[in-house]
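Following this line, the structures themselves.
Two complexes come next, and they have one chain in common, chain A, joined by chain B in the first and chain C in the second.
Right, the complex of A and B next:
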């Protein structure tokens, strides 16, 4: 655009054009994302009252209070369990599902649409519907289980600390499958059929073809899906917030839900900002891993 | 080759547990949404109500003030989508088409911001909006949504833009077309499908977003659809589940329908954008 208006000093216009084009996006990111990070980093190393007024530098006392907080370790461990189980379960289930959806069969388009559905529905709505379905007295989960003779006494799923977290993990897997299957399907559709034909002629079994051909070939896609899901699930807030709000007795709180409570319920802004920064650093490390993988992938496909 | 019918049955059989789990919440939504209220809280519950009460939707619409919430969601989502595209398209064009120092850095910058989720920054964003006097204002939500969709949008668009042949524009330049003409007559029409798909993804994100809306909005009349529906459940002693399920149905079905209709292009779009 700049170029059109200034053909006379074309050379300068030409050189600055790309920077002018990317400038708005960079300003936006620094304004809405960069400044809050700076602000929280600043707050996390100062004494801060519950209205957010910062006072003197306090020798990382906020971080000390965070790490020694009685709920910190529990939330950290649950975040790890949550992330590892949801991501692991999602990828383990998504590979066979993608293999099935990559086959030709009657109604494949319909099957693909059904399996993509949870993606379109907001996690908030999914959480609300499951919360109602898992209601001990009137929920349809208990009703259905009883109808099939699988249950004698109704269970209050979300009010039982041993049941609530595994259920959340299962639903977390369910909503992560669509994206994961999509990316893996993309990988599978890029494979060349003749390689598999040759392997078949050479007498490779289906398992061998999967283990020694498919798996290594879709490896880059699996890497990306693992890292991206890790980041999404680590940050996943609405499902848990809507279904249990971390209850019963903080037994389903993970770092993000605890962070929200610290910041907006308990007014612990110092600890909350320290936790935000800790999580930001963890995410940054993951992102660098992802960036390395994506760049490598780009180079290999280019 | 195996028998096609037997194979299809086997495939559906293998997928059936997942298909049932995915359709289960939809069945619950429909079943509860059309039940007369006395049957919603009847033990034992049943899948099939004695009558199909469509009146529930009308009652819900009035009782839950869902109309204004739908309007707010539409306004915010459309404004954020348009603004995001306006900022993202030039940036994506530069990233895809132009050689400049720092291009690689810009792409890395995109990857990093793409990973940041609102929840980790929500406290800082709230303070920023408070400082600008934007708390409880819908524009606050628009700005935040644009920021969190920018990286994804630029990334996806530039991946597409790279697939549009440069030669067409070069030929137009030789024929004496100005930059604006080249953009309007050649590049943008070719890029339109990509822009459309990106717009759908941004719109769905905004329509479904929860954390930022819950944090930045205060008064009920500003609520977006997800927030308003959540407020029918969260922190209430008595939840009117027939209304809640009718509301979730109203909120979910349009987006699910768009998604189902555009499934093929959305999926192929994402594979170009996310994986490339």
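Right, the complex of A and C next:
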């Protein structure tokens, strides 16, 4: 710390030099990130036609129409259910997978590759494959069930929301696992072996070692995984779009798929931009709250 | 004084430059055409037209660009917002109302001779006419008819295809009684044109989508039309869980010989030819309720108001693209119905008995109403019929909800 302290007087120029040097990059970054947000916010408070031409300021009518829209609350609730279940399920499954892959066993490298492999396949492709597999008349899932004599009449898996939404969540978990396992595995391999050895000598059980050593030590990694997954999943478009397009009767629509319909199918750019701002604010608020909580926790445990 | 003189000289120079620029542009004009992708033949067909036209008009250029239909609306919207729109674009006719309302489409009457206008089949011009002014030329037309599986109907003891809905229900019951894995009547329940599949029933029951400036989807006729479909699902006369099948899915079932009757467009003929050449099928009109109807759909070629070469753009359309030679070439290769009288009289169309099933229905063709917010109305209707198909709501309640949404959109 002492080394970094600025010299007492007359050297302010030197102290601010680094900031001046990175100033252009900072301004550039602000412009790249900030301008679209500004543009979107600007559009959201004006009357806009479907060709993006903005007209007069319209007293937040876009927001009014958004909040009073019959689909808004439903989509919001489904988005939260979708996000919580996908992120929660992903983390709950990824921790044990990462623990197993962290052990030394024959074929570990192969197992790690197999876990990572789905990451290389685009979400759109995964969605298409599952859509076909779940097709009632021609799909692999029904064919398998029939083969084993478990099914008489074909089931259309994506025809009702009671089946389609949980299936979408399960597939959402499946595609989020590779990234999550990778990060947690990175955390696990950074742990010092001697701490665990000391604990074992002191007579701690495997569960105790996990609960009181592993878990607190990989907490920063879990935090990263939670926040990043939360943002990805909240905004996740391709899976649901490819598999159901929000059907039947909007029962699998989440905010982002509805946003796409509003903007590009209905040409309601005003409501769509208002919705984008609302989604941005929700994500920002949740992320900041979570980051603040996580930091406070870290400080109190430190 | 000096200042003034200088600016005048500059002004003169600028004017001269502008004149030079426009005159040099008049020598070599370029017309950019953006088209939707129908098949691998689309690009080739229009490149052929462009080549023809450029030979007749040396120095001018016609540039063709073909884009997937899914992206077309978004691409044109972005172009218009950025001021980089082409001179001519192919669009779904139902989009035209938004283009007219926002003063983007050029009125075409001034560029056409009465003979040229008179060469079209009348009913195809109305969807692109607003307040008596034409804003687009119909380029691809389709109507819908009923395909039926002759072998399946024969096995069920039905020799003639049913002509009304009672007959359809009756035939479907007989097919169900066979106890095979075939279904009597195909019902589409998701994605693009799920609404259209219900309009067949709505229109033939005497209903209207929009009547006297209000939604007609909750009329007694509409409720009857939807109740009919729901009762067919409940009796097992359709494939199970229709809300899980889109248009391709039910067409695929028909090609596999597992559907007795299906309502769809002329493109299925071409698919059967390549995918299921042995399928023994026939074509007949959409079943009647209280009246005859079919769904007519056209796509449109329109000229942008902002185009600098509107004259030349229209010349390309009137002289080449809509010449009988290229019309016949286009419609036969892409599998569409003729839109011009001379085209319809050509042997390829006049002597094709299967195509007659479609062209015979043209006088009864109904088109999507030219209203703004059409896509939102469609989705409201789709949500309503899906709720009924999966048993989440009764026809009347679901349709009333949709009608309220549509009325709100009309008033907007």
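Methods note: the second predicted complex is superposed on the first by the 242 of 302 C-alpha atoms of A that agree within 3 Å, B and C clash if a C-alpha of one lies under 4 Å from a C-alpha of the other, contacts with A are read in each partner's own complex, and residues count from 1 in each chain.
Note that a contact is a pair of C-beta atoms (placed from the backbone, for glycine too) under 8 Å apart; a residue touches a chain by one contact, two chains touch by 3 or more.
A quick note: this is a predicted structure, and the numbers were derived from the prediction, not measured.
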Touched partner set for A:186, first chain B, second chain C, both or neither: first
Partner chain(s) touched by A:153 [first = chain B, second = chain C, both, neither]: second
Contacts of A:247 with chain B and chain C, given as first, second, both or neither: second
Partner chain(s) touched by A:52 [first = chain B, second = chain C, both, neither]: both
Touched partner set for A:266, first chain B, second chain C, both or neither: second
Partner chain(s) touched by A:291 [first = chain B, second = chain C, both, neither]: first
Touching partner for A:138 - first (chain B), second (chain C), both, neither: both
Contacts of A:70 with chain B and chain C, given as first, second, both or neither: second
In the superposition, chain B vs chain C on chain A residues touched: B
Doubly contacted residues of chain A, that is, touched by chain B and again by chain C: 52, 137-138, 245, 264
In the complex with chain A, residue positions of chain C that touch it: 73-74, 77-78, 80-81, 98, 102, 104, 189-191, 239-245, 249, 252-253, 373, 375-376, 379, 382-384, 386-387, 389-390, 392, 405
Complex contacts: residues of chain B adjacent to chain A: 4-5, 7-8, 11-12, 14-15, 18-19, 21-29, 31-32, 40-47, 87-88, 90-91, 93-95, 98-100, 103, 106, 108-109, 111-113, 115-117, 119-128, 143-144, 146-148, 150-151, 154, 178-180, 204, 207-211, 215, 226, 229-230, 233-234, 241, 244-245, 248, 251-252, 255-256, 258-260, 263, 267, 270-271, 274-276
Residues on chain A engaged by chain B in the complex (per definition of touch): 1, 3-4, 15, 17-22, 24-26, 28-29, 31-33, 35-37, 39-40, 52, 93, 96-97, 100, 103, 105-108, 111-126, 128-133, 137-140, 143-144, 146, 174, 177, 182-183, 185-187, 221, 224, 228, 231-232, 235, 237-238, 241-242, 245, 256, 259-260, 263-264, 269, 272-273, 276, 279-280, 283-284, 286-287, 290-291, 294, 297-298, 301
Residue ranges of chain A in contact with chain C within the complex: 49-53, 70, 135-138, 153-160, 245, 247-250, 261, 264-268
